[in-house]
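Take a look at the structure below.
Chains: A, B, C and D, in written order; residue numbering restarts at 1 for each.
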Amino acid sequence: MNPVRTATVFTHRRPAETAPAIAALLGLARENGAVLRLDPDETRKHELEPAEGLVLDARVDPHVDICFALGGDGTILSALRTYAGTGVPVFAVNFGEIGFLATVDRDEAPDGFRHAFRAEFEVLSLPGIEVLGKRGRWLAMNDVSIHRQPGKRVADLDYSIADDEVGRVRCDGLVVATPAGSTGYNLANGGPVLAWGVAGFVVSFIAPHSLTARALVVAPSDVLTVTNRSHEEPVDVTLDGRPICVLVPGEEIRARFLDRQGRLAQLAGTTFYHRLREKFGRLATLP
Amino acid sequence: MNPVRTATVFTHRRPAETAPAIAALLGLARENGAVLRLDPDETRKHELEPAEGLVLDARVDPHVDICFALGGDGTILSALRTYAGTGVPVFAVNFGEIGFLATVDRDEAPDGFRHAFRAEFEVLSLPGIEVLGKRGRWLAMNDVSIHRQPGKRVADLDYSIADDEVGRVRCDGLVVATPAGSTGYNLANGGPVLAWGVAGFVVSFIAPHSLTARALVVAPSDVLTVTNRSHEEPVDVTLDGRPICVLVPGEEIRARFLDRQGRLAQLAGTTFYHRLREKFGRLATLP
Amino acid sequence: MNPVRTATVFTHRRPAETAPAIAALLGLARENGAVLRLDPDETRKHELEPAEGLVLDARVDPHVDICFALGGDGTILSALRTYAGTGVPVFAVNFGEIGFLATVDRDEAPDGFRHAFRAEFEVLSLPGIEVLGKRGRWLAMNDVSIHRQPGKRVADLDYSIADDEVGRVRCDGLVVATPAGSTGYNLANGGPVLAWGVAGFVVSFIAPHSLTARALVVAPSDVLTVTNRSHEEPVDVTLDGRPICVLVPGEEIRARFLDRQGRLAQLAGTTFYHRLREKFGRLATLP
Amino acid sequence: MNPVRTATVFTHRRPAETAPAIAALLGLARENGAVLRLDPDETRKHELEPAEGLVLDARVDPHVDICFALGGDGTILSALRTYAGTGVPVFAVNFGEIGFLATVDRDEAPDGFRHAFRAEFEVLSLPGIEVLGKRGRWLAMNDVSIHRQPGKRVADLDYSIADDEVGRVRCDGLVVATPAGSTGYNLANGGPVLAWGVAGFVVSFIAPHSLTARALVVAPSDVLTVTNRSHEEPVDVTLDGRPICVLVPGEEIRARFLDRQGRLAQLAGTTFYHRLREKFGRLATLP
């Protein structure tokens, strides 16, 4: 891999926490004759002034050499979606709680950045889930979930694969997760962990009012269709934790596996299984 | 038990479905020299006109001999709460889907009513859960649940029993159920079935982001306190399926077991375990 | 409570580990003018010689003031069963891994013993499960489990309560647990935790080949009957972790709740819920 | 595909049940100018005499055109293992209870055989799991499980993937299943269903004495190592339901995914998802 010449940065909503990391990045950019591009949002959030090595109010450029994501899962997922399909690796620093996608924790950031500018990292491809509905097309890096609306009756959802109805479930909702997303909401529903190399995605149910609803790992070539079977109640659709649309009674969405969407920078020595053990340790800790 | 002289009726929101049963009840009331009291809501819903054996626009009277509840779980639970502590038995007919609390299904209603007017039934006492918060006091016959609000972050709930913090869980929510309610929302969360004679209540979690959250059956003498530990997000509180209040960050509610609150009329030969098997059969059926 | 005059001791199978505690107990017995009774097994295991304050090769006496149990769950459960119904409190010291029943850990033993000799403890009553079969009658303090035999087909078990068949399950086995036992094998099967004050017991299934098998909390007045429905295979019955009998095809056992069987000494300040949180912390620790 | 010239048959242990199907097969073989080969076991079991179209006491020939398997899962799995890697399709008729691998039920057998002799079927490739230990090498078509021995303490198992220890669990056992096997023992442990096209295998735990043990779908390129960490107790290893070896303390086995091992004949119109729904219906039925 070539050394880094242009980089961009996304940070989470508390700029005071990430300001030292931004300063460190800028210093390294200058040292390495590289340029740091910040979009209008980041420029304003960090109150940055023009300076050497800095491009302010930049538009998102699919030709940067690397994207730094400093934040929790939300920020990192957003960076992965933004650069999906471009080949730009996302180098993620955990400023959140669990940080499964991050390659370093915040206190190891400066050392991590040095490796990043020398292109001393591996790149791991991550699959996504393409979501198609009559209101749009979206890409999920972690998960898509469908929920009943608050104060409304339980959702009544039908799920079919390759035009075979597999089940119909009255439930609070349903989650469709990628391997990277399997350790999140899916796990909270009793779904399995999917190792990052698994080709497929997993469907699990939130509070199913049925005794037969079990988590199902779908083959990568199969299309999942979920239909709102209620006669009265709309349901909400959420992608990587953000609301994207509503399904009115009778409306459906389709989901399918798309390989090699995101590219995640990884420092040597941090395998998925190693992180899994660490993450499980954190998830299991009582307060 | 004495024969029935005064009866009241609650029906669900689709009066066309329950109209024949109302007519049957009125016929039997006249035959038996009894009186049927309908509150203003029911009077209007069924468009009833003054007639022998009928008291229209009646106020709720805690001295009736029996209360008929024709509907799904919502209608029956509402009848049980209305007559909690009065000793009035609720005779429930299932016009809904599962109808665990009902003693007869809708097509057996006329025969069931005949037994009811002759007081040929047993009465089963049901415990409730008293819910105390700074915004009020409520009685749940089935369950109390606490949910994160839609579009907001996961709830961050702390639960303590007898002033010992037992756990703190990031989750979609938490359900506290009576034995009668244990086969509903609690079961959807992987909670256990509690036989109707069990003294205690059960706490289960909706999509817990923790590997250690397990369903817990609380002793009848213990008080459960649930606190909203989020710094930013309010959570919703729902009782027997209806919203009752919100807990702002830092706010708590307390729940305790109250024995012998509701009284449920039961025709001979329908034990809890018999129904359990039937209900599980229905819950397990694939469409 | 009166100060202790006579005490007995049960220890686990590695006497080298418990020898210092035995010595401490003997010292305290002499200081307090009390007598320590050891049965032939314990006498031989610890290679004790006659001495002041020591009765060797003693028979089990239901009139001692206290029983010390030094070991893991097996030793403590055995002491509880031995003194069930006699009123003798069991003061348990954890020399095992989790030690939910123990009131002190091994390193706090000397201090704990001092409180014990002064009768400075509370006594908690524990229920048991009476097991009745054609081959005998037994008392379980933790749990009774039924297992398929290795190399044989899955077990085919039918369970009925109060003569209603509730379900029939092909499975590796079934566990019936008291509240004290609920945090053991039952929890491993996805069963709920039962607080110690709950009146009832819980049935859970080991690897059920059925989608409808759910944990069931049985009321204290109900009798559970489990029948081996296989035409060919016997199943094993285990009580508190030890084999007690076999059920041939068609054979059944009955289980019922018996209140106030064991008496457990408790130092002040160690509630069930406090321990629960500690134990969950240990169960959740990754290696 | 070419019409069938040579076929072999495996049947389960109750020959009286499969005798009519054998007669039908022989009739069709003669009609089609084909030959039916039976190994010594099958020859003896069905008490067959020499006849046209019949080769008795035949050795297993990897060049037959088709293998008929008449029985339950055990018989079908055995046929799949016998012909693994040869390209011979297994045409399975369900004489057992669930029969997920079978393409027709017993009462549809004659019609199914007719399609088979005309080679009117699709062939589905099934992956296997290769198991390597110091005592041998085996191929599982459904699952490999490791169990504690009866009357012994719980198993203490460590599982690593690609040399990373992922977890260590005290449990009754552990199951490693292919997609075809995921609806069996794995599902009984709360593991997910894996659609047949998924590349990967799933690890689940039987009665884990840990709160963090969750089902894990392993990537097809990863090797799973399971080690018996007990200092005292051996554990049993079972493959597709039959005992294969024991692991003494400290001993390990390795498992890896092998694609395209078995070949399963499928009549048109029976997709995996269609069967899934049917099978779930049967699994969910209460007696």
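One rule holds in what follows: contacts are C-beta pairs under 8 Å (C-beta built on N, C-alpha and C of every residue); 3 or more make two chains touch, one makes a residue touch a chain.
This one's a predicted model, so the numbers in the text were calculated from it and none came from an experiment.
The minimal number of chain-to-chain contact steps leading from chain B to chain D is 1. Two chain pairs are in question, A-D and A-B; the one with more C-beta pairs in contact is A-D. Shared residue numbers account for over half of those found at the interface formed by chain B and chain C, and the copies are therefore classed as meeting with the same residues.
The two copies, chain C and chain D, are related by a rotation of 180°, based on C-alpha atoms and rounded to the nearest 5.
Averaged C-alpha coordinates give centres for chain A and chain B that are 41 Å from one another. For this pair, chain A with chain D, the centres built from the Cα atoms lie 37 Å apart. The set of chain A residues that touch two or more partner chains comprises 165, 167, 187, 190, 211-212, 214, 277, 280, 283-284, 286. Here chain C touches chain B in the complex through residues 160-162, 164-167, 182, 187, 190-200, 202, 204, 211-212, 214-222, 271, 273-274, 276-277, 280, 283-284, going by the rule given at the top.
Interface residues of chain A facing chain C in the complex, by the touch rule stated above, are 211-212, 214, 277, 280-281, 284-286.
Remark: chain D residues 147, 149-151, 158, 165, 167-168, 171-172, 184-185, 187-190, 206-212, 236, 243, 280, 283-284, 286-287 touch chain C in the complex.
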